[in-house]
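These are the structures, in structure tokens.
Below are two complexes that have chain A in common, paired first with chain B and then with chain C.
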Partner chain A sequence: MTVALHPRGLLRMLSRMGNILSKFSIEGKVGTIGLLVFILMAIFAPLFAIHPPAKITGDSLEPPGADHLLGTDELGMDIWSQICYGARMSLVIGLAVACIAGFGGGALGILAGYRGGSVDQALMRVIDVTMALPSFPLLIVISAFLGPSILGIIIILVLFSWAKPARIARSQTLSVKSQAYITAARHFGGKPFYILKRHIFPEILPILIVSLIGISSYAIIAEAGLAFLGLGDPTSKSWGMMLNYAVHFSAIYFTPYWLWWLVPPLLALIILLLCLAFISRDLERVLDPKLRDRRGEG
Partner chain B sequence: MLKKDTKAIIYRFLITLFIILAINFFLPRMMPGDPFSTTSSTIQGEDVIVLTEEQRMYYRNYYGLDKPVPEQFVTYLENLATGDLGKSIYYKMPVREVIQIHLPWTMLIVISATILSTVLGVMLGTISARNRKKNTDRLMMSGLIAFAEIPSFLLGLILLLIFSVHLRIFPLAGAFTPFANYGSILDQAGDIAWHAFLPVLTLSFAQVTVVYLLTRNTLITVTSKDYIRTARAKGLGEKAVWTRHALRNALLPVVTRTGFVIGMLMGGAVLIESVFCYPGIGLTLQTAVIGRDYPLIQGILLVVAISILLCNLIVDQVYRRLDPRVVV
Partner chain C sequence: MTILRIKDLKCQYHTETGAINAVDGISFGIEKGEILGIVGESGSGKTTIALSVMGLLPGNAKMSGEIRYNDTEISGLPEHEKDAIRWKDISIVFQNSLEVLNPVMKVGMQVCEPMVSHNGLSTREATQRCSELFHMVGLDPVWMDAYPHQLSGGMRQRVLLAMALSCEPKVLILDEVTSSLDAVARKEIRELLLNLQMRHGYSMIMISHDITFISSIASRMIVLYAGRVVETGAMKEVVTSPRHPYTRGLINSTPDIFIYKDMWGIAGDSPSGDDYAGCPFSSRCTQSIDICRKISPELTRCNDGREIACHRGGIVTLLTASNLMFRYDLLDGNSLQAVGGVDLDVMEGEVLAIVGQTGSGKSTLAHILAGIVHPDTGEVSFLNGKVHGGHNGHAFGGIQIVFQDPFSSVSSRFTVLDAVREPLDINNIGDQEERLNMSKHALELVRLPFSDAFLATYCSELSGGQRQRVALARAMVMKPKLLIADEITSALDVSTAANVLRLLKGLQNTNGFTMIYISHALHLTLKIADRIAVMKSGKIVELGNTHDVMLTPQNEYTKKLVDSRIGLSNGTRQEQTI
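Let's turn to the complex of A and B:
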């Protein structure tokens, strides 16, 4: 973080990111642009949307027109602005869960791998059990228990997604730890924390970042799924919530309303997830060529 | 060596099971609200019967909710040991019967989807491996991987919109035509298959890619082996080499993987059943959660969790038995 704040460090980081981007395939570039559009849409939602998302600004179930770009829902709220503000919800949940679970789990994995012994054993057992739990049915019950709050949803999603990055970080740490240069650094008097920060963490960061994107997709899907089942925050305007309201509107399938009420959030979710998938695939290829060889692709 | 491994696996299975039992018991009890503050008639808000304070106390007492929680837990474990899952508050009948009514529907779509996705995945994987590095392979690869990124309930909604709403080929909801008079058992089976078609297709989509990639990559590894060259040198035809030598070996991991697939599908079925209003235990779980029906939530969670765990356990064992090269 301190590196990023320094102007020169920031410049170096940007050029490195540009470097990675230039190696992306067309799909990856499309995905990156798509994700940027979603991020801009989320940040500047009030500019993109003419109407506030949770106010009644038109008649009930107006078809798309000049005033309401994508029409209105049954309460007369603007669909397009709900899509814009809904991007905030999905992106915030994806980012928050990915950062907490990815870096938290990653840190635990690095520590366990570096320390070894009983700490490592204990962590591995917890990871095994966490990964064996049937996650979606439990998610439903736990989120019903925690009540419809964004914070609650973030917490449970973190609880179900930290194990994978932890396991990856642990096995990577184990293989890096045995390298000669780490032993050399230790013999030169490097303290454990210094070695972790200076040598091990940078080695593991690329693979951790790839798993971060995977976790954020998972979190976005899970939030949308829970909201779709009616377990989201009913006052929030998330895409999953929109799907839930639309699907539970009586006789929606016998009217043309689904065209502008159900299709937009559906497409928004799918496009966002595809963008993330394209980025993740290219990032994996660029950052870790070894990974591709191991999978026997190409 | 193997024996020690097996022991560790069973040990882990039991720990996981216990954790599920504990979550299963304590969580619903910590949920906000109680089943009798909303009453239990219907979920969508029609026909709400407001209970008087006196009636509420009667029901709390009747279902044992007024006793201290530890006492309830002991009773719960005791009943579980005898196979008694309690009584559903919403359906007003034993949980076991509720599950018995709805589980077959879930089993029907999960098992059909497992078979469909395995067969389709192996076929596509073989085609792809045979055309390796050609456009067919590349196209199938990126197409299927992109498809796998779309969560299945969204895919289900799309299929529902296209085939049931727009084209009106398939039904919108349910597992059979209500109040239908079937001429023969064949008609009935046809009707059930017709209703199950879209849910099964949706469930299969997500898994096809897994099987496809597994088949394709194993086939590619296997076909570079010496014994394939030997088979070709013997003068065997391409077809015989692929079916008798390559595919046979490549199928080993695929077949054992199907067990994992069943587990994944059981979890994914909840959302799919909600999309298609398919009356399996997933939809029942959703109803139970919204209606705060503790015993039913616990019963379903237990059944789902145990079936997923059992599938993984069995597959793990079979996998080791069949393919000693693989260290899981």
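Let's turn to the complex of A and C:
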């Protein structure tokens, strides 16, 4: 317990994070800054957005101007503030799904890998089935069935994305478990909990974090997709919902409105996903256990 | 027939500062024609025994006990009767030094003197006999007219021998006759002594610290330590399988008995004077228990004629394995008998090497012995407790194991400090401060730096040799009674491997733990092992003293291993190809 919460441990973690960041390529750094901007935007949405997102604050379909930075939609709601609040929605769903699926799946995988035997076999079969299912069509069917709610969407996304981290964690656990230092720790009298906490989990965490980012991009796209298809919560402000409304505005492409109504949420979505992809790619490179071990040998 | 019997001999030297017990209750006998060796370090009372038998103890010595020569108690005899026995019946060859001979008298005269005074020969007869004696000991009689300083050490030793033999004694005592001789002269003297003894049939008592010399000549041996007998027995048995920890240490300190082995002295110093209670060896002994520090052990006879003075009955068996079997299930449904019926005893304080090719099951055996792998059948007991189900690695004085691969034996994510103190952390031994100190001490033992900067270094930044030392330090921090080293040098380059191996043996020697050293390299293990077990296909095909296994391998497979050494090329092959 003390190890994880120890101030020295925290400091070490921070310095490690700085270390990792310093090894990023330029794209990775740009991605990190971009993600930070989005996060700040989401947290301080009320400050950035001049107008409340769900209030009619101007005329319908106003072009961008001093009062409404990106103009307004058909109902006269401010687009910029909808983007800001939409970032909240995307990030919350991305983070929630990634954390629940990543750590939950990871924990299951570690358990299966460490225990082995029938627990392992059972979990592996469930993972196989889950991964074999066509996820997006099912997603649509289930969310249509459950009705529009954020919690519902999170649960569904989690159900479809825990299998991959579980599989990664299991295989990593199997390889770490056979290391001599685990045998040694067990010989010294280390209990399973100690070994999981002190040896296996820290060893797997970096790989888990990489897959966490992958899951969050998947969740953000899936949420936007569902919302775009009209399966999201109609009262919520999300980028997918904005796209949905915009494309359903009759003949939007014959008007200039798409420029400030359709493009901003689309761009926001693309930029966020690009940022995540950059980060994921660099993290994978930096945290790859094989690369790390080779460094240790040299 | 026992010609000379010594019973409960005690000798004290009184000095200004107090009394020193030089000999403390020694009993032994010597048969007619027997060669008896008395071995001990300097200060163990060897010479005092010789002097008391001869009745030549200095004035400040106080002696008690019985010395019987042919049923006559001689220690209590008046001086002139002792004198009659001296030279004629019992004579002594002193350690060669210039003081023993009179520097202003020709050596021939000095040899003649006892013959004239004891046998009543005339000077002419004596001179005649003297020249015969000179022939006998391999000296040209022309040297009779030389003064002692004109002779070499070997020649002087021969003169002393001639002097001792002059009256044809029945018992000859030789006190450190070889210690100042060079190797060639030593060998000549040995041949001479054996020849003369065979020809004349007298009994010999050889006193020396030179166990090699004694073992080459005597048939029985007495090992002395601090004025006491610690072990007696037939020479060959005592040397090849010493039972007392001291005897083993003495043999391990001797370079030319087992020529392949490196020599290692016994850790610590022998006690001086009376500042100890209990067994005199207890402070240097690896297996001493409470009683050893309180009561001094009696010399007791074992059933095979050996006598040992040890509370624990000699070197104890630390680990016993019986009928160990282990089978690996392979993926294709077959199985592999990795260990097939191994019985093994590991003695306290010894280094046992288990040697075999890759795949012979030695690592599996090591894991079973450590308690990491459960055998299918058979059991291992350690200090009379079962290894499996027990917690041998959880506390001080247990079994620790160091693994082959330095890169996986400690986690790369750990700092050096984390790695070394891990066992202490797991078992909650000591507080933070104590753990830190114990870790530093362990690092010091394995000759790694223990500065704060090094302690905070990640193991991933260390070299293979350093990581293996960290793994070793981590085992040492638990103060093991048995250390199992599983191929720990095979992944290291030769120089690092040599360093780690020497370090390991040094640690074993000073800390006195028992070690099982697993290796595929027979010639490497010869350097450190006391005994070697050769393993093939999960079975121990040969087990014995390192020297015997190397020089006279019995098993075909062992012979193959011994012959597997690749020697230095003499270059002829290259010339042919050119």
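Here, the second predicted complex is superposed on the first by the 279 of 298 C-alpha atoms of A that agree within 3 Å, B and C clash if a C-alpha of one lies under 4 Å from a C-alpha of the other, contacts with A are read in each partner's own complex, and residues count from 1 in each chain.
To be clear about the criterion, a contact is a pair of C-beta atoms (placed from the backbone, for glycine too) under 8 Å apart; a residue touches a chain by one contact, two chains touch by 3 or more.
The model shown is predicted, which means the values in this text are computed figures rather than measured ones.
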Which of chain B and chain C A:Pro202 touches, first, second, both or neither: second
Which superposed partner A:Ala224 touches (first chain B, second chain C, both, neither): first
First (chain B), second (chain C), both or neither touched by A:Gly147: first
Partner chain(s) touched by A:Ala268 [first = chain B, second = chain C, both, neither]: neither
Which of chain B and chain C A:Leu35 touches, first, second, both or neither: neither
More chain A residues in contact [chain B versus chain C]: B
Touched partner set for A:Arg186, first chain B, second chain C, both or neither: second
Which of chain B and chain C A:Tyr194 touches, first, second, both or neither: second
Which of chain B and chain C A:Ala277 touches, first, second, both or neither: first
Residues of chain A that lie at the interface with chain B and also at the interface with chain C: 295-297
Parts of chain B lying in touch with chain A, wherever the complex brings them together: 12-13, 15-16, 19-20, 23, 27-28, 30-32, 44, 142, 145-146, 149-151, 153-154, 157-158, 160-161, 164-165, 172, 217, 220-221, 263, 266-268, 270-271, 274-275, 285-286, 289-290, 297, 300-301, 304-305, 308-309, 312
Residues of chain A touching chain B in the complex: 27, 125, 128-129, 132-138, 140-142, 144-145, 147, 217, 221, 224-225, 228-231, 243, 247-248, 253, 258, 262-263, 266, 269-270, 273-274, 276-277, 281, 295-297
In the complex, chain C residues that touch chain A: 370-372, 391, 393-394, 400-401, 403-405, 407-413, 422-423, 426-427, 459-461, 471, 474, 478
Partner chain C, residues of chain A touching it in the complex: 179-181, 183-190, 194, 199, 202-203, 292-293, 295-297
